[in-house]
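Chains: A, B, C, D, E and F, in written order; residue numbering restarts at 1 for each.
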Amino acid sequence: MGKQFSHLDASGAARMVDVSGKEATARSAVATGVLRTTREVLGLLAADDLPKGDALATARIAGIMAAKRTSELVPLCHPIGLSAVVVEFELGESDVRIRASVRTTDRTGVEMEALTAVSVAGLALHDMVKSVDPAASMDAVRVERKDGGKTGTWTRPEGR
Amino acid sequence: MGKQFSHLDASGAARMVDVSGKEATARSAVATGVLRTTREVLGLLAADDLPKGDALATARIAGIMAAKRTSELVPLCHPIGLSAVVVEFELGESDVRIRASVRTTDRTGVEMEALTAVSVAGLALHDMVKSVDPAASMDAVRVERKDGGKTGTWTRPEGR
Amino acid sequence: MGKQFSHLDASGAARMVDVSGKEATARSAVATGVLRTTREVLGLLAADDLPKGDALATARIAGIMAAKRTSELVPLCHPIGLSAVVVEFELGESDVRIRASVRTTDRTGVEMEALTAVSVAGLALHDMVKSVDPAASMDAVRVERKDGGKTGTWTRPEGR
Amino acid sequence: MGKQFSHLDASGAARMVDVSGKEATARSAVATGVLRTTREVLGLLAADDLPKGDALATARIAGIMAAKRTSELVPLCHPIGLSAVVVEFELGESDVRIRASVRTTDRTGVEMEALTAVSVAGLALHDMVKSVDPAASMDAVRVERKDGGKTGTWTRPEGR
Amino acid sequence: MGKQFSHLDASGAARMVDVSGKEATARSAVATGVLRTTREVLGLLAADDLPKGDALATARIAGIMAAKRTSELVPLCHPIGLSAVVVEFELGESDVRIRASVRTTDRTGVEMEALTAVSVAGLALHDMVKSVDPAASMDAVRVERKDGGKTGTWTRPEGR
Amino acid sequence: MGKQFSHLDASGAARMVDVSGKEATARSAVATGVLRTTREVLGLLAADDLPKGDALATARIAGIMAAKRTSELVPLCHPIGLSAVVVEFELGESDVRIRASVRTTDRTGVEMEALTAVSVAGLALHDMVKSVDPAASMDAVRVERKDGGKTGTWTRPEGR
């Protein structure tokens, strides 16, 4: 009750909220997501695990580069410096788990940067596999944990 | 069997595939996705349905603008002109359904543009609601149908 | 009466309007604007008319480059190819007149590209002169004429 | 007398001036502008004040996003972090007044960011209204005040 | 004699030259370049030829993505669609040869796109190897051949 | 021996390396390069040294603007603020020497920003001269010196 979206003012107008009173401190966030596709696709991705196979590297680079452009994509995000971005993949039987970790020393958290890295790495994979599986689906794109800032550590509650 | 990712050459190297032999024809694609959050957030979003509430408009604009930048985000996508982009939201009890429709008259399909619009509209909503629900999750980002081009109409099969 | 903004649908939602039914034809537009500043600034800009003076060149390049990015800046503009962009300056006693001409062969007019070229060339001049005249003002940014497309030639009416 | 544009060196060559000796301190700027159009357009914009009307929200988002890209548009601007951006509109009888406020904690002022937000919000409005009023004009884009930094507060003098 | 840069008008002002009179036809270009570094670096790059080694993939993606952004980087280049981009590497004893091939069906040639792909793939390699060899050097970035358009095929003359 | 590319982890995966433990200190870098072309082109560039000649200014602006976008072009570069960028040209008999100096107060060096400024200024010159000399070549793009950070001053060794 009484809660409001911090990105809207009292009249409902969107704004980039003022963080000038916050301290520039170390902050980090981890986000994950899953591209659900077919065993056939996973076979091809695993084969890509051979010399020069660029499929996963392409998606990793897409995710890292997108993290840097978060504030260009998400209208009310603050432009900030990033001090580290890692994007990892775990190949399942018919899915690819994506995990992005982002660090900064700035005035805002980096959940959106981690979510953007996961989403765009997923889009790049989607693009790669769509000639074989046009029905692939990106699921469970979400924040797993965040550290730093005034609110400290937040860990995703079980059951969500 | 024998299938390969068209984005990789025989040695596994990534490339932007040659579409110069394809015809510039009318093509369209529809993609959807769902942001799963809480009833509390949906109450706030519905209230935003009042004068000047910018939450959904912000996400809609984010999605439309992202569709235009697909080839900057997805490494092997062709830069193409877009002739229409529509982003729609349907508010559920505790989720927001996102739907993007994209049209072009060019040499490639626009599934990636539609998926990018959905993903980034979702990121913008995620950003907006995270102060109230940090555990929101983006799900089921996928192509629903595509039309045009050599392969004609594709509709998502049931059960995928 | 009964008129509506074409960029909004019946419910008021923003969209990139469908131009797929339009023909790709030659179109052009001319826009102008005026940076009002001081005689002192104009003296410095005129002196820049000497070898290697980069002030006007910087603003011209800014305007040309911005025209190419119009669809990234203006949310509902279509991404299109441009076949010519010219940005010209006319130095007055205490003002600089800016004029941009843009041509395309595509499905939409290029008024916005011409207006964007003028606005950003003006911003670049503003930036250049602000250390000498922080009170400079950009005025009368407007379309002078457009040609081509279904509506043909439009010329700015006198008195507007 | 003896004044020079700080963006040009002694030979007239453009450069991004060295601010490494400046302190990163709180700075802010306010800029304004006016889109002059018709009563008919203002009637439509006011009607947009109803549920889901996206016209003003679209222009607001365009202005906020452009502020973040100022250093990409204005060639000699420094890339800096922004800690707050607010874009406001005031509807008159036949004009829309635009006001942007920007804050940072960095080594340069943010007048250009505020001017860019106003200009691009104006371009987005221009785009929206041009189907109804192709003769709209953007006027009086200027800095109203700036605070912080070595020079402290500057307020626009009357009569300029 | 009598020759002039086509990008400058009679007064020397830069412009995006008018190509609206040119036909949209198939055009292609090949550019090459060489990153000269050390045997030690080449040993590491060759080892990267093993599973999951991302060094060359990262540079390849950088080159492909940069080709798409040529008109954002090179002020007077026309924004055009690209129908194919291929970036290849050949590892020598102490150098890496880079080769980019680009195709379009548009109104201008794509030499600049091929040169941009080579340059930025080179920058990405430079970035990768600089912790081991800070003295690496990029050499011989040049057009090897171009096809299509009014001037037809051009091949680099021997001795240049 | 035992050296590795810092941009790759133990498994060879690309990452943006964690600089959060580094201090934000003053750093600078100088890079150079040479566009080798013909005497005819140099004659035209020298003539451009007259009033309003925009050729060199265009290349200078391209280099300065590209320095600001380094982290968008080079996949594993950190996004950082820049406090100064200078791009200089020296006209030879048949070549143009390009030199870029970049300064920051941040957690990483700015060699890549200086190299990017040189490369893109070179691309812009290449674009300008290609109608007169299609065989121009960009050579010797390299770091000359860097200062600041933990490793202090590095100067290019003779013979490299």
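Note that in this section a residue touches a chain if its C-beta (ideal position, glycine included) is under 8 Å from a C-beta of that chain, and two chains touch if they have at least 3 such contacts.
Nothing here was measured: the structure is a model prediction, and the numbers come from that model.
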A-B or A-D - the one linked by more C-beta pairs in contact: A-B
Candidate from A-B, D-F or E-F with the same interface as B-E, over half of contact pairs in common: D-F
Centre-of-Cα separation between subunit C and subunit A, whole angstrom: 37
Approximate Å spacing (C-alpha centroids) for the pair subunit C, subunit F: 31
Chain centre separation in whole Å, for subunit D relative to subunit C (CA means): 16
In subunit A, residues with contacts to at least two other chains: 13-14, 50-54, 57-58, 60-62, 65, 69, 75-76, 81
Residues of subunit D that touch subunit F when the two form their complex: 9, 13-20, 71-72, 75-76, 78-81, 106-107
Footprint of subunit E on subunit F - complex, ascending: 3-8, 11-14, 33, 40, 44, 48, 50-55, 57-58, 61-62, 65-66, 69, 73-77, 111-112, 115-116, 119-120, 122-124, 126-132, 134-143, 146, 154, 156-157, 160
Subunit F residues within the subunit C interface of the complex: 49-54, 56-58, 60-62, 65
Parts of subunit D lying in touch with subunit A, wherever the complex brings them together: 26, 57, 60-61, 64-65, 67-69, 81-88, 103-105
